[in-house]
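Working notes, beginning with the structure itself.
Each chain carries a letter (A, B and C) given by its place in the written order, and its residues are counted from 1.
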Amino acid sequence: MDCLEIKELTVAIHGQRILDGLSLVVPKGEVHAIMGPNGSGKSTLAKVMAGHEDYEVISGQILMDGQDLLSMSVDERSRSGFFLAFQYPYEIPGVTNANFLREAVRARLGTGEDIDAVAFYKRLYGLMDELGIDRKFTGRSVNEGFSGGEKKRNEILQMAVLEPVYAVLDETDSGLDIDALRVVAEGVNRMRSPHRGFLLITHYQRLLNYIEPDYIHVLAGGKIVKTGGKELALELEETGYDWIKEDAALAPA
Amino acid sequence: MTIPAVLDLDSVVIRSLPELRAAAEERFNLASWPTRKDQTWRFADLKRNSIEGFPAPARLAVEKSGPWDAVSRLDLDTALERHGDVFGRAIEESLGSLGSARHLAWGLKSENLTGECWIVGEGQKLDAPLVANVRASGQGHAALLSLVWVKRGASAIIWEDLGSAVGDSVFIVNGTVVVVEDGAEVTFVGSQELSQTSKLVNCLHVVPGAQSKVRDVRINLGAQWVRQEVSAALGQAGADCELFGLSLAGAGEEVDQRTLQAHEAGGVHSNLLYKNALFANSRSVFSGLIRVDHGAHQTDAFQSCRNLLLSDEAEANSMPGLEINADQVRCSHGSTCGQIDPEEVFYLRARGIREEAARHLVTFGFAYDILSRVGNEAIEEQLSARVESRLFALREQPVESGTQAVNGDGELA
Amino acid sequence: MDAVLIDQSQGNFTYPEDYALDAGRGLGPKTVDYISEVKGEDSWIREFRHRALDIFESKPMPTHWASDDLNAIKFQDIRYYLSKGKGGPSRSWDDVPDDVKRTFERLGIPERERGFLAGVEAQFDSEAAYSNIKEEFDKLGVIFVNSSEGLSKHPEIFRKWFGKVIPTGDNKFSALNSAVFSGGSFIYVPPGVKVKHPLQAYFRINAEQFGQFERTLIIVDEGAEVMYMEGCTAPKFETATLHSAVVELVAMPHAKIQYITVQNWSSNVFNLVTKRGLAHEGAEIRWIDCNIGSRLTMKYPGVIMKGRKARGEVISIALANTGQHQDTGAKMIHAADETTSNIVSKSISIGEGRSTYRGQVHIPRHLKGCKNNTECDALLINSQSRTDTYPAITVRGNRHATQHEASVSQVSEDQIFYMRQRGLTEAAAMSLSVNGFVNDLVREFPMEYSVELKRLIDLEMEDSVG
């Protein structure tokens, strides 16, 4: 309990296995990071956790505070406290950011309840200011015409509005310059709490300079092959991922 | 009235309401109802356009709001007497020229033809929209003719909204001519939410002047059958003409849209964007032609039709067309048919929004794209609310399968 | 026989002719009987022809949507069956117009082909080229014969599909062809055989081969593949003013057929062709078409995707010069789940030429996962040319995606200026631009054609500029 637990997860897409017995535990109050070479299955893990239909779960479990996540629909998972910051956030033309967020918040209320519009906007604007997002963005269509950095910031804004229990950030740092990265990291750090767990998925070590993880896991060959403290990131930066691949090849299947 | 043996186009002038009616009577007799061979009715379900079942006259009541005092209003007879040269040609040649000549003539010759001429004076810039709510009642047919003249340097927003009571069945023929002079700006919004058993033939012809900005936004939220014809005579350089359309169709409904961007001279920019969201077993037909005449160089003409199919029974037919006779032109058209993008829905659901609500949001977004082109917040807000309720109502509708849509084209193996 | 007088002003010429077999002018039941007799056909074929003749006569000209120019066809003046036998039309090389000779030169047409193309020789000595390949085909079980042989010697293979992909009553001109067809290629490829060499129409030239009413039927069995090429870039001298061919393709499951046509008929010819393919599960049919000649070409290659995951594609380049109308397009009928179709059409209008695109895409309800992509672009070279685009897309149901885009543009003046500043003449600059416009499509043609195509476009451009 009080953790996000992935147990022996095996996942395939188009008949090809990507994750092969992956196990991982992210307790509340901690920040974990997963690093790995390209194609190791990092994004697959994120999408499977969110419930994307393209992927087939062959075996394994994901428990969120004891609840069976895999048996829940995409939106149920979200309302239960799971949040995924996408690597490539989608554009939704014609749907404004404000509308979108209002609907998301409304979806979490009971039937008959409605949002206090004034309170909602006050809070939203406050969060936007903190993240350095122009208030005018509320009237723009979700992610339409946004730069890469703006899209990532928008993901963090949504996370701040929805206050999830467990948040998975999928390569949130990709495509960001130093300033944008700093803002995004601050947003995440502000949300760190004993009641919340984070899983950062990243290829480069750079993000972890700004968001200090408690543990780092290395994903290769579809499973976690190494776990360590934050120094592991620097090691990987220096040596690259090749030795991991060799290790994985030598390890018993 | 006799028709001259040689039709001298420059002298096609109708000088009175009786003359208009007589000309319509003549045209009605010479024309015939559409058949499968008519290219202007290709893909249309030819069973739907029949005027039978609407013999009696229905009532049309018009309620106006907005700065109408600032505008000159003439009854049709006076308008034709004084300004027959401005409107005559458009009425005779252009209205109904995209295929519904007989229907239009039927409307114009009927005894309960109502309508007015609105003239926005030179340099006059209206600060609020002119709104005309037209309500039809009873069972039968009615016809409306609106002649709009926006003079040099003037600017106005006009919203004509057609509606009827839920239980009524009306067949409305609605003709509108909008003549815009040099440097004037006009946005014309034509919306309709007629009852589910009503029919509408809606013909609009715009004539933008040099350096003018003309925008037309058609919104179809009702009626069992709509035949909408929009033509723009683009013969004055520097004109900028935008044509928008949004149709939400439900069970048993058909929206038949034909448009013409006629670039008669060079230096004109035109852009058309029509969107259809089709629920249940509804069907849409879109036939849009961009025609660039000889010598109409430096033309920029664009056209796009987007169809969102929301049920397995819905059907969209698109015929975007180009006829280009000049060079130094930039013309393109595009048409897409598709469903709600599952990735968009996934993204929304990943934020906790339930599937139904997510699909609703995306569909609303699709529609809002057109509403946001009106450029007037008050109108946009009102229309948004109506579109929302319409979308809710359409979601609830059962899909009526078994109603075979017959199209005007021979079918193949 | 009377000398055939052809309008000199259209760039053609007179010459005496001597035909061994001639059905005479005009079309009637006697013409059909004559043709059937001469070929010694089985009675079922003769009946097929007669039924087709009735249908042809009952159908009106499709001028309610097609060009009025069709009304210029004088059916009663046309000879519906001519066989050159051993002699054939002969004229001397001196009679061949200079510009035609120049074209052969410029296009690099081999000497031995020039005579045939110019109508100086009746036969192209292709038998030698073919006989080598013939052995290989025999071993593989590939059948490659003309229509008469196909129907008489291999009815068990061909009769099943003959007239099924394109029914006689499909349109007025398919009915005409069904009544008087002669020549053309009948091909069968057995299961699993992937034919390496492209089959070429001219391998099988005989007295009738380049006739007016060719009938082609290609059946490729499961998992097999074939590429077929017909036509050539050089202007083809033709006496006949009406060409109405029918091409039927049948791709069995997982088969692949590529049919490549380059058409450059002389400018007095009405070229009205009906081409359609039937693709079964997992099969693919590609039509690759280039239309440069003729007075009026009407051709809308189509694919009926009958089996799941079948694929249809039409790649088309059309060039219309003064006095020409290229009216082409594509017809994609989706009749199974997850089928995809792709249409890319590029047309160039020069001088007073007119090019028209007509497309039809049809996806009926209760299917899922179908996709269509259409791109049609037109390039206008100068202010007298004309281009029209008339696609029609019908989609039923919410499980498909179609996209259609068309654009019309000119060669950019800035582009031309830039190239001229680097020393190119205006004509060379235009050629480069135009070749750039069609480049990605030209690459779809086999090597032999693509080089010639580029040169031909250059030639056409030269005449138009200045």
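The rule we apply is simple: contacts are C-beta pairs under 8 Å (C-beta built on N, C-alpha and C of every residue); 3 or more make two chains touch, one makes a residue touch a chain.
As the structure is a prediction and not an experimental result, all values here were calculated from the model.
If you draw each protein chain as a dot and join the dots that touch, you get a simple line with two loose ends. By count of C-beta pairs in contact, B-C exceeds the other of the chain pairs B-C and A-B. Inter-chain spacing, taken between the CA centroids of chain A and chain C, is 57 Å. Per-chain Cα centroids separate chain B from chain C by 42 Å.
Between chain A and chain B, the centres computed from C-alpha atoms are 47 Å apart.
Along chain A, no residue makes contact with two or more other chains.
Chain B meets chain C in the complex at residues 37, 39, 42-43, 294-295, 297, 307, 309-340, 407, 409, 412-413.
Of all residues in chain A, those touching chain B in their complex are 50-53, 73-75, 77-79, 84, 86, 89-95, 99-100, 103-104, 107-108, 141, 158, 162. Interface of chain C with chain B (complex): residues 64-65, 304, 333, 335, 362, 365-366, 378, 380-383, 385-410. Chain B contributes residues 342-344, 346-355, 357-358, 361-362, 364-369, 372 to its touches with chain A in the complex.
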